[in-house]
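The structure follows.
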Amino acid sequence: MPIVRVTRRLHFSAGHRLHSPELSDKENREIYGLCSNPNGHGHNYGLEVTLKGEVDPRTGYVVDLKRVRETVEEVVLRDVDHANLNVDVPWLEGTIPTAENVAIAIWRRLEEVFPGGVLDRVVVSESERNYVEYRGE
Amino acid sequence: MPIVRVTRRLHFSAGHRLHSPELSDKENREIYGLCSNPNGHGHNYGLEVTLKGEVDPRTGYVVDLKRVRETVEEVVLRDVDHANLNVDVPWLEGTIPTAENVAIAIWRRLEEVFPGGVLDRVVVSESERNYVEYRGE
Amino acid sequence: MPIVRVTRRLHFSAGHRLHSPELSDKENREIYGLCSNPNGHGHNYGLEVTLKGEVDPRTGYVVDLKRVRETVEEVVLRDVDHANLNVDVPWLEGTIPTAENVAIAIWRRLEEVFPGGVLDRVVVSESERNYVEYRGE
Amino acid sequence: MPIVRVTRRLHFSAGHRLHSPELSDKENREIYGLCSNPNGHGHNYGLEVTLKGEVDPRTGYVVDLKRVRETVEEVVLRDVDHANLNVDVPWLEGTIPTAENVAIAIWRRLEEVFPGGVLDRVVVSESERNYVEYRGE
Amino acid sequence: MPIVRVTRRLHFSAGHRLHSPELSDKENREIYGLCSNPNGHGHNYGLEVTLKGEVDPRTGYVVDLKRVRETVEEVVLRDVDHANLNVDVPWLEGTIPTAENVAIAIWRRLEEVFPGGVLDRVVVSESERNYVEYRGE
Amino acid sequence: MPIVRVTRRLHFSAGHRLHSPELSDKENREIYGLCSNPNGHGHNYGLEVTLKGEVDPRTGYVVDLKRVRETVEEVVLRDVDHANLNVDVPWLEGTIPTAENVAIAIWRRLEEVFPGGVLDRVVVSESERNYVEYRGE
């Protein structure tokens, strides 16, 4: 059967602050600039989740994207939407919530619930000007 | 010569209904939800066609995208634009018109008219919330 | 208190066919072109609903947009989303489902549920290439 | 001379929390829902500033939009970008940072620096799903 | 009959240079900055044309937007698309091709071909960051 | 450490003309159509630069995208923004400024300043209808 990649786009609004406790204030300011402002700021995050697999001849679906949406809402969005990524999300604890780290953490959340080999790509954007992509490598 | 991928974005408006004659009404409703409503609905479909090849040093083109557009209009859009994908398109007959099946069918149409190895990717979206990608695998 | 306009954007996917029973087939074809194809086609419709009023000093809201969304979903989207505008929607019966007529009909639905003078504007688009705006004039 | 409206689109990323000290926790939760989460969240805010006036026959401009951008950056964006709207912005103190209140406050900032009658419209969006418009009424 | 505004969005790609022969080189540079570079630059221009009128009960249209598109293509786009606005367009001769002047000139072209009172608004954008609007005032 | 791709989106406005001195006027017109108009036209070009690498555990970044932006502005945008690609850009001399050739030339500029293996992808678009992608192959 042909192999197709299917992608669901989702969004969440969250606050964050880029600041490493292992760095001095001066280093934090140099590396993160305005992103290290003490009271934090926030974004409308874009999230793309891509799954890959054979098309089921019975349904014409690789996977029902409605279920994908429900799963991502349950294991990811419920925790991060309208939350503060630095303090409200157990599975981000101990990481600096850069887009890179958020994408990797979301991949790991999803990897536990989707069957092996199905998860293909997680893309996280903080604005229209940039995005990061993690493929599990 | 450097190898470049060139992509043309196109659009078409079509009606469809997701419903499998091999499934019971209850199964159809469970799998396809509102998408199986008897009188159908529709979308502005997005279509991306990517071709891949060496850049012709004489023209600076991999391929003239104007010709690509004309070809896709002739072998794909003329059939699906402002049509009902369940009943109006000969090359979709017998398939459930999910985005996955539409992408595969479009790939097969284009594979016949573009030289071997040139076609790289077909992307079909039904809305801004999702898209599927077929690479001929 | 300052007067502010607040707008909620929503979407629905629907099928339609432009065809007037009062016109001959030839006239229908001349006026509506591909849009009169017998088996219909469809769109991802964009809908903007604008309300206008004083900002409530207690809440900082003109109106809670979450309630606006719920209202529009209940009196409009529940009927038109994943439906066929020609046959499935009681409050469109007897009208040709052009964007103009859909916008006017949606205005009339909303006018019944929002307090007088609050509804300011209804915008309906069938694609990124066009939109129509009705202000109750 | 013809009168033209010119609009500059800008963006800023900010954190906020919707919470009124005059309301009980229960009321805050009822009115603002997830938006009242204690640790706040954030958005990529969109901002449109429209000025209106005669076209200067010497330059072909109503106003140099580069200057408009610089002015808005200086009196608005420098304060709100990568900031927390609840605690970091002097001219938002004492207001609940809803989109409505943010738009009115930005209008008042700009009204002080643009000549009388020139400022026509301020639009603030918190996401692609909604926006508010203030015309100084 | 209800009055509705209908808008068609179109695009054209053109080169231009902002430079006034009545100003010194220094003044040109001060006013137009990079936009006065001697060899010009260019944009993908966005154009919105809005017409206003009663909905024809026979067709459900204010006006057939296909005809609007054809008219705009004939009297505007044929001249400006893939052209240099400083030298190729007779009806822009003697004007500095700012977005303001282009919008006014397009309005005047369209005013000649659409019945009196129908033309409501012309919007021209040079990029996603700005747009100008002319309503014939 | 996990490997992540990070992408920065940028824009520039430039004029160009597609015309090969090695082709006859008739051939130029056949191949490039309106794009070979003598006085040129222009576009708002989109540019995506993707870098690939391990996430630095100390910063949570693959690379600071602010630095990426500054680098691309310095070695690419400063030369092409508000310029004429046929005559103003030393590193495009002798090439026909098709999107393909512009993408390859930008890759080569960036390859000199980013450490080996980091540069992953350059995407150039001339409009929303098309884009080209070069991966250094």
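For clarity, chains are labelled A, B, C, D, E and F in written order, and residue numbers in each chain start from 1.
The definition used in the following text is that contacts are C-beta pairs under 8 Å (C-beta built on N, C-alpha and C of every residue); 3 or more make two chains touch, one makes a residue touch a chain.
Everything numeric here is computed off the predicted structure, so don't read it as measured data.
Engineer: Going only through chains that touch each other, what is the minimum step count from chain C to chain E?
Structural biologist: Minimum number of steps from chain C to chain E: 1.
Engineer: What chains, if any, are shared contacts of chain B and chain D?
Structural biologist: A chain counts here if it touches both chain B and chain D, which gives A, C.
Engineer: If each step moves to a chain the current one touches, what is the fewest number of steps from chain D to chain F?
Structural biologist: 2
Engineer: Have a look at B-F versus E-F and report the one with more C-beta pairs in contact.
Structural biologist: Top pair by contacting C-beta pairs is E-F.
Engineer: Report same or different for the chain D and chain E interface, where same means the shared residue numbers exceed half of all residue numbers found there.
Structural biologist: Under half of the interface numbering overlaps between copies: different.
Engineer: Would you identify the chain whose Cα-based centre sits farthest away from the centre of chain F?
Structural biologist: With centres defined by C-alpha atoms, farthest from chain F sits C.
Engineer: Can you tell me which pair among E-F, D-E or B-C shares over half of its residue-numbered contact pairs with C-E?
Structural biologist: Answer for the repeat of C-E: D-E.
Engineer: Indicate the whole-number Å distance between the mean C-alpha point of chain C and the mean C-alpha point of chain D.
Structural biologist: The separation of the two C-alpha centroids amounts to 28 Å.
Engineer: Chain C to chain F: how many Å between their CA centres?
Structural biologist: Their C-alpha centroids are separated by 41 Å.
Engineer: Spell out, as numbers or ranges, the residues of chain E touching 2 or more other chains.
Structural biologist: Only 128 qualify.
Engineer: If you go through all the chains, which pairs of them touch?
Structural biologist: Every pair of chains meeting the touch criterion: A-B, A-D, A-F, B-C, B-F, C-D, C-E, D-E, E-F.
Engineer: Can you check the complex and tell me which residues of chain D touch chain E?
Structural biologist: 2-10, 55, 58-62, 64-66
Engineer: Residues of chain A touching chain D in their complex?
Structural biologist: Where chain A meets chain D, its residues are 11, 13-16, 34-35, 37, 39-44, 81-84, 86-88, 126-128.
Engineer: Can you list the chain A residues touching chain F in their complex?
Structural biologist: Residues 18, 20, 22-23, 31, 33, 95-101, 103-104, 128-135, 137.
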